[in-house]
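Each remark here refers to the structure printed beneath this line.
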Amino acid sequence: MTALLSLTNVSKNFGGLAVISDVSFDVPAGSRMALIGPNGAGKTTIFNLISGVYEPSAGEIRLEGQEISAIPSRNRIGLGIARSFQNIRLMPHLSVLENVMLGQQARAGSLANMLSPLGRSKWRREAEDLLDQMGLDTFPGEVVATLPYGIRKKIEVVRALVAKPKILMLDEPAAGLNNTETANLKDFLMKIAASGVTLIVVEHDMSLVRSLCDHAVVLNFGEKIYDGPTAEVQNDPHVLEAYLGTRHAGKEATDVA
Amino acid sequence: MSGYWAGILTILAINIIFAYGIFLPVATGQLNLGGAGFQAIGAYGAAFLSASFGLPVPVTIGVGMLVAGITGYLIAFPLLRTRGVYLVLATFAFAEVVAGLILNSDTFGGAMGLSVPAFIDWHVAVIAATVVTVFIFYLMSTRFGLTMRAAHDDEVVTDLMGVNVRGVQVAAFAIGGALAGLAGGLYAHSFNFVEIQSFNALVSIYVLLYVLLGGTQTAWGPLAGATFFTLLPEALRTILPALKNSVYWLAGVEGPVSAPDDSWRFVILGALTIAMMVLRPEGLITRTLIERIGFRKANAGKGAVA
Amino acid sequence: MLLIQQLLNGVMLGSVYVTVAVAFTLTIGVLNFLNFTIPTLFMLAGMVGWALAYWGLPFGLSGPLSWPLALFFGVVVSILASLIVERFTFRYLKTKYGDSTEHAIPLVSSLGFLLVLENLVRIGYGTDAQRFPGPSADLTMNIGGIFVRIPQLVSLFLVVLIVVGLTWLLKRSRIGRGLRAIAENPDAANILGVDTRRVVPIVFMLTGLLCGLAGALFAVNYGEVSPQMGEDIGTKAIAGMVVGGLGSIWGAVLGGLIVGLIEMLTIHFFGADTVQVAVWGLLLLTLFVRPQGLFGHNSIGKGKL
């Protein structure tokens, strides 16, 4: 069965620096994958490669069997790839509602849609409904720059969701959340996955990774060092070595974050 | 209505249209310091067609506007490959080249200017300004307006959302250029004379500044900025004598030199710009302000305090 | 022969452009700031110098000053004005969002200062050009048919001195290292111990000094000042800076000279009215085809990306 997304021998160099070296992994449709690794391992770079911000120096990226490396970044969201960002990148001067409606662009880009007022349109209603479902219905008109961190993180996820993606890539969605909020996030993401969206999550919170994701890919210095079930990650000697150093390799760890 | 106030209304209408012409690229993220160039194209286009061919006003202004818009479209492509300071300088250079070309062409009257036979009275300018204002409010309420403002905030992410950022920027430049050209055409027929000295670098600076002062996040901003700038000399008439004397005292000058009263308006514009950039660089009218006003109105009916 | 005279005049004129272009390029190179106040500072030195030489100090503190003293104070005023500009354009700058127009806040402020200063001078002294009472003796040498005025030679010499001095400052001194560190990476410079709050005003002081000197030299060489004298010089200096490459001092030197030469040649062959198109057309072409000019780096002036 062809995976929904597959990277084959992907490398990325900046000048002389190899940021990603020969990384391959498959993401089956409907799966929930964790992409983990120490800081600087190249996780966000992988996201940038998949969403088209960077072009791979070598290798192939296939979505549903079709090579997408040559497709401009602008068109990838239309293919079904949506993401959130490590440092929240919402439009600070736009309202919550407007930020979410921006996420609809790939589905609403026709000339007729571009030139119709958004005021009472179905797009606005759809965005409002989604915000309500997420418990973000208080101030849809509030300009984003003034809102607290946790709320802005959620809005970014909603913006990605409203694109009705096949693959949702989340870059550290639990950063800065407390235990309760993280548990809520996990329930919410499970619901999204249940509706058919494939998840790729970059995370440092290992308990979230263990409970949410069925398989994990671990990167270190741009290379893949593990690709398998999440349950086995902490026992893998390469992973332990990467996080804790050679001395600890072979010992079990409860938390490799 | 007295001729004096008719004149002021005409200028206000023209300034509003001009302001919206600059507002479009700036709201999309490109500072346009070449407004006078587009205005000159529209003005001279209309003036030339009226003077040389006697074409009716709607045609002359329409053609002037079209040429200005097409120029904006064409120049946008090389222009948008530059960034930041280079972009501002390029728009500035563009306006200077336009002015220089007109200065050197006898067809357009060179330094002597052109007489424009057909006259339009203030109603035309005011109606045009109303139409343009409604158009801009409409445009900003569409998805196109949303993508404009998104591109201003974060080009990279806007592109990732599926927006053709370059396309939006070019469109903003082209439509903005056309509007500035419209302002020029209206000017030509309202005052029946155009000379290139009226479309100099300072004009580009003034319009950019009062658009920025008004605020570039909503369609209300340019309206506020243009109105302020146009009516400022009237407001100054009352306090001008006292101001004059204090400056004479500071400069240690004996009595009135050939002091142009017009200058005070620009001192104030400049001083307000400096203050605004320190205190409130987003301009007077921001998205948040409009939301707050709107929100309070929405809740007034509900009777509950949120 | 006439052509050579024109070329020489072009170089002399170019040296004024060079000084102002260097001020522009220094500010852009170190602070990523296109300072539109620069032509106004140039004008301020000239106009204040004239006012002091014509009337003397304000509030009747003295009679008309001698022209060297008047110009000296003119330069001082230029430096002081530049420091005031620093306080209100740069000191309070806070970039919150890093969006595309935020980098332009100092630029817009400097436009505000341009309007304020230029119009205050107009209000105080009128719009007419004024004759500057410079050195009375006719100090012209005749070298084989070419006329060279002593003040022009002195200006040229001073400009060379300034440029060499500035280059030395940037390469060898601690201040220079601090400036270059800020140009590379303002945040890192702070962490590495460069006291930006003391180094940044130095850029503005140098700006005031360069523009003030250029204004003073202009007054002496051409014997005329006006509130509009900054506009013309400013545009040519900007063109010189772009052609030479933003951020490069030697680029500004070469660029300023090139613009001066082009101006003289254009006037000689096509008449004065074509200068505007020629210079600005050159600038536009450079920006479209090779924005980094002769010696500039690609990264300067791009704004925060």
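We just call them A, B and C in the order they show up, numbering each chain from 1.
What we mean here is this: a contact is a pair of C-beta atoms (placed from the backbone, for glycine too) under 8 Å apart; a residue touches a chain by one contact, two chains touch by 3 or more.
Because the structure is a prediction, the values reported are computed rather than measured.
Averaging the CA coordinates per chain and comparing them to the mean over all protein CA atoms picks out B as nearest. Seen from the C-alpha centroid of subunit C, the farthest chain centroid is that of A.
No other pair of chains has as many C-beta pairs in contact as B-C. Once the centre of each chain is set as its mean CA position, subunit A and subunit B turn out to be 43 Å apart.
Centres computed as Cα averages put subunit A at a distance of 51 Å from subunit C. Computed from the mean C-alpha positions, the centre of subunit B lies at a distance of 29 Å from the centre of subunit C. Chain contacts: subunit B has residues 152-154 touching two or more partner chains.
Shown for subunit C are the residues in touch with two or more other chains, namely 97, 99. Of all residues in subunit A, those touching 2 or more other chains are 92-93, listed in ascending order.
Against subunit B, the residues of subunit A that register as touching in their complex are 51-53, 73-78, 83, 85, 89, 91-95, 98, 101-103, 105-106, 108-109, 113-119, 123, 139, 141-143, 146, 163.
Within the complex formed with subunit A, the subunit B residues making contact are 138, 141-144, 146-147, 149-150, 152-154, 156-165, 217, 282, 286-288, 291, 294-295. Here subunit B touches subunit C in the complex through residues 26, 29-31, 78-79, 81-86, 88-90, 93-94, 96-97, 99-101, 103-104, 110-111, 152-155, 201, 205, 208-209, 212, 216, 244, 247-248, 250-253, 257-260, 263-264, 266-267, 269-274, 277-278, 281, going by the rule given at the top. On subunit C, the positions that touch subunit B within their shared complex are 28, 32, 34, 51, 55, 57-60, 88-89, 92, 97, 99-109, 111-120, 122-128, 231, 235, 238, 242, 246, 273-274, 276-278, 280-281, 283-284, 287-288, 291, 301-303, 305.
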